[in-house]
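Next come the structures, one after another.
Next come two complexes built around chain A: one with chain B, the other with chain C.
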Partner chain A sequence: MGVLKINGKEKTFLDNKMPVTLMDLLTILGVDSATVVAELDGQIVERANFTTTPLRDGQSIELVRFVPGG
Partner chain B sequence: MASFAEKLKCSVVGIAGLGGLGSNVAIALARAGVGKLIIADFDNVEQSNLNRQQYFTDQIGKPKVDCMIDNLQRINSRIDVAGHKVTLAPDNIPQIFRDADVIAECFDTAQAKQMIVETVLTKMSGVKIVSVSGLAGYGKSNEIKTKRVSPRLVLVGDGLTAIDNCKILTAARVGIAAMHQANAVIELLIDEIQP
Partner chain C sequence: MDKLVIADKQFTSRLLIGTGKFSSSKVMASAIEASGAEIVTVALRRVDITNQNDDMLAAIDRTKYLLLPNTSGARTADEAIRLSRLARAATGINWVKLEVTPDPYYLLPDPVETLKAAEVLVKEGFVVLPYINADPILSKRLQDVGVATVMPLGSPIGSNRGLKTREALEIIIEQANVPVVVDAGLGLPSHAAEAMEIGADAVLVNTAIATAAEPAKMAYAFKLAVEAGRTAYLAGAAAETKKASASSPLTGFLRNE
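Right, the complex of A and B next:
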């Protein structure tokens, strides 16, 4: 089992469902990676590195999602 | 200790995009007395912009950057405005906005919003950005919020209402978001930027 804090809320994943990378998490959440800015434990992660950024139990993730209009 | 007016006069704000958000933010900051604006947009004024953007019928077909410089100088003849008719991208944003204390993200597509926020946070240390997500539609004024996401990022909007699912942008609701954005920029300049 693993726990990630996503935008301030804790989300629990069973062992075999724990996302391996930040991109895996976005896929699970159904979020288009092209419209998200992500911070992992307070550090910004560039979109180009989403697929190579591993996630660990207990980490805190802030996802800022953008919708069009301006 | 510098006064409110002195601090704003010494401040430099970048405005990325001059549509419904950017044209309103630029005018609010010029009226407030911000000393220098760096404005950038690749587009020309179109008839369809006039339902919410701060241009005039005799400006249709002209570059938004040129029109906004004219409009700002009619409001505040002492303001210093640097205009860039350009498509903003990760390779030119740090250069164009290098003197900015705060940048207002005023784009329309979600991908462009993502691009500039990521660029500013990763390549422009010390610069703060105020971004907007979720301002389409009408009514629901109080669902538009200003939220401090992290030390250098402020996010305005309802987070939900996209132009592609509701098809409506109004001067009123875009204007509410733009004034949240301008007000957040002023708050950062006064409370957090050292003159």
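Right, the complex of A and C next:
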């Protein structure tokens, strides 16, 4: 099993379901990668690097995007 | 109208629009269109991974409008800096509307944290547009660290109360060497016109348009008011006097005296 903290909440993945890259995680979550910005353990990951950024058990991920606002 | 220049960009419109509080993306898009605005603000929030709503902002043509991310929700300089960096990663451009508002009741900006964040962000190459209270000295201090505009409030965000800070705004405008964008509290086109008449370079409006019965119509009314106010400012206002000064000739009356 692996655990990732996503937007402050822990999510558990079975070993064979653990996302390998950040892009895998977005696909599993159904999040459109084109509109999202990611932080991995406090470091911003550029969108171009989503497919090449590996994930490890215990990491913390923030996924944010633009919403309406003044 | 004369162009508005912020940092290295030129704009024809002097009305900036916030995208919050619209009832739908369609209503928002039609209001933005009617306003003639070229700069629209957006916020940055966590993706709700349990409930993926439609992307409200997909309706905004990013080739036509400059998306200006704000740091709303930040209560400290550090939070605002973090949001700014995320926003830059999202837009690919380095413009940010800096907001640090620790007080949830009046949403008044924290001057100390705002100045701190502005200093760091300018050094990192950001074009910083800080939301501030109408404080002329803070405005100067921010200009000293290199902000691209100052955005003093007319009255608290979303209050629709107009230019309660007029006297301080006049001092800020008189002393500014960057564009002054009056942000927050403008509830009516007449408020926007008043800000432009006293020499503001631009205004930012959100609530007054988004929550009007007909947002697109109200957006158009604000567009006209901003243009009228700017044109009046450029025309140079006539002097005020206490006593009447007749506009018609004071000779040739139809009576014998």
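Going forward, the second predicted complex is superposed on the first by the 66 of 70 C-alpha atoms of A that agree within 3 Å, B and C clash if a C-alpha of one lies under 4 Å from a C-alpha of the other, contacts with A are read in each partner's own complex, and residues count from 1 in each chain.
Here is the rule we use: a contact is a pair of C-beta atoms (placed from the backbone, for glycine too) under 8 Å apart; a residue touches a chain by one contact, two chains touch by 3 or more.
Quantities reported herein were computed from a predicted structural model and do not represent experimental measurements.
Engineer: Please work out whether A:Ile44 is in contact with chain B alone, chain C alone, both, or neither, and reply first, second, both or neither.
Structural biologist: Touch status of A:Ile44: both partners.
Engineer: Is A:Val31 touching the first partner chain B, the second partner chain C, both, or neither of them?
Structural biologist: The second partner, chain C, only.
Engineer: More chain A residues touched by chain B or by chain C?
Structural biologist: C
Engineer: Could you look at A:Arg65 and tell me whether it touches chain B, chain C, both or neither (first, second, both, neither)?
Structural biologist: After superposing on A, A:Arg65 lies in contact with both chain B and chain C.
Engineer: Answer with first, second, both or neither: which of chain B and chain C does A:Ile6 touch in the superposed model?
Structural biologist: second
Engineer: So chain A touches chain B in one structure and chain C in the other; where do those two contact lists coincide?
Structural biologist: Comparing the two interfaces on chain A, one with chain B and one with chain C, the shared residues are 32, 35-37, 39, 44, 46-47, 62, 64-70.
Engineer: Looking at the complex, which residues from chain C come into contact with chain A?
Structural biologist: 18-22, 28, 41-47, 49, 52, 55-58, 67, 69-70, 72, 85-87, 89-90, 157-158, 184, 204, 206-207
Engineer: Can you tell me which positions in chain B touch chain A when the two form their complex?
Structural biologist: 17, 19-22, 106-111, 113-114, 117-118, 121-122, 131-136, 149-150, 153, 155, 157, 159-164, 169, 174
Engineer: Can you check the complex and tell me which residues of chain A touch chain B?
Structural biologist: Touching chain B from chain A are residues 32, 34-37, 39, 42, 44, 46-47, 62, 64-70.
Engineer: Which residues, counting only chain A, touch chain C once they are in their complex?
Structural biologist: These residues of chain A touch chain C: 6-8, 29-32, 35-37, 39, 44, 46-47, 62-70.
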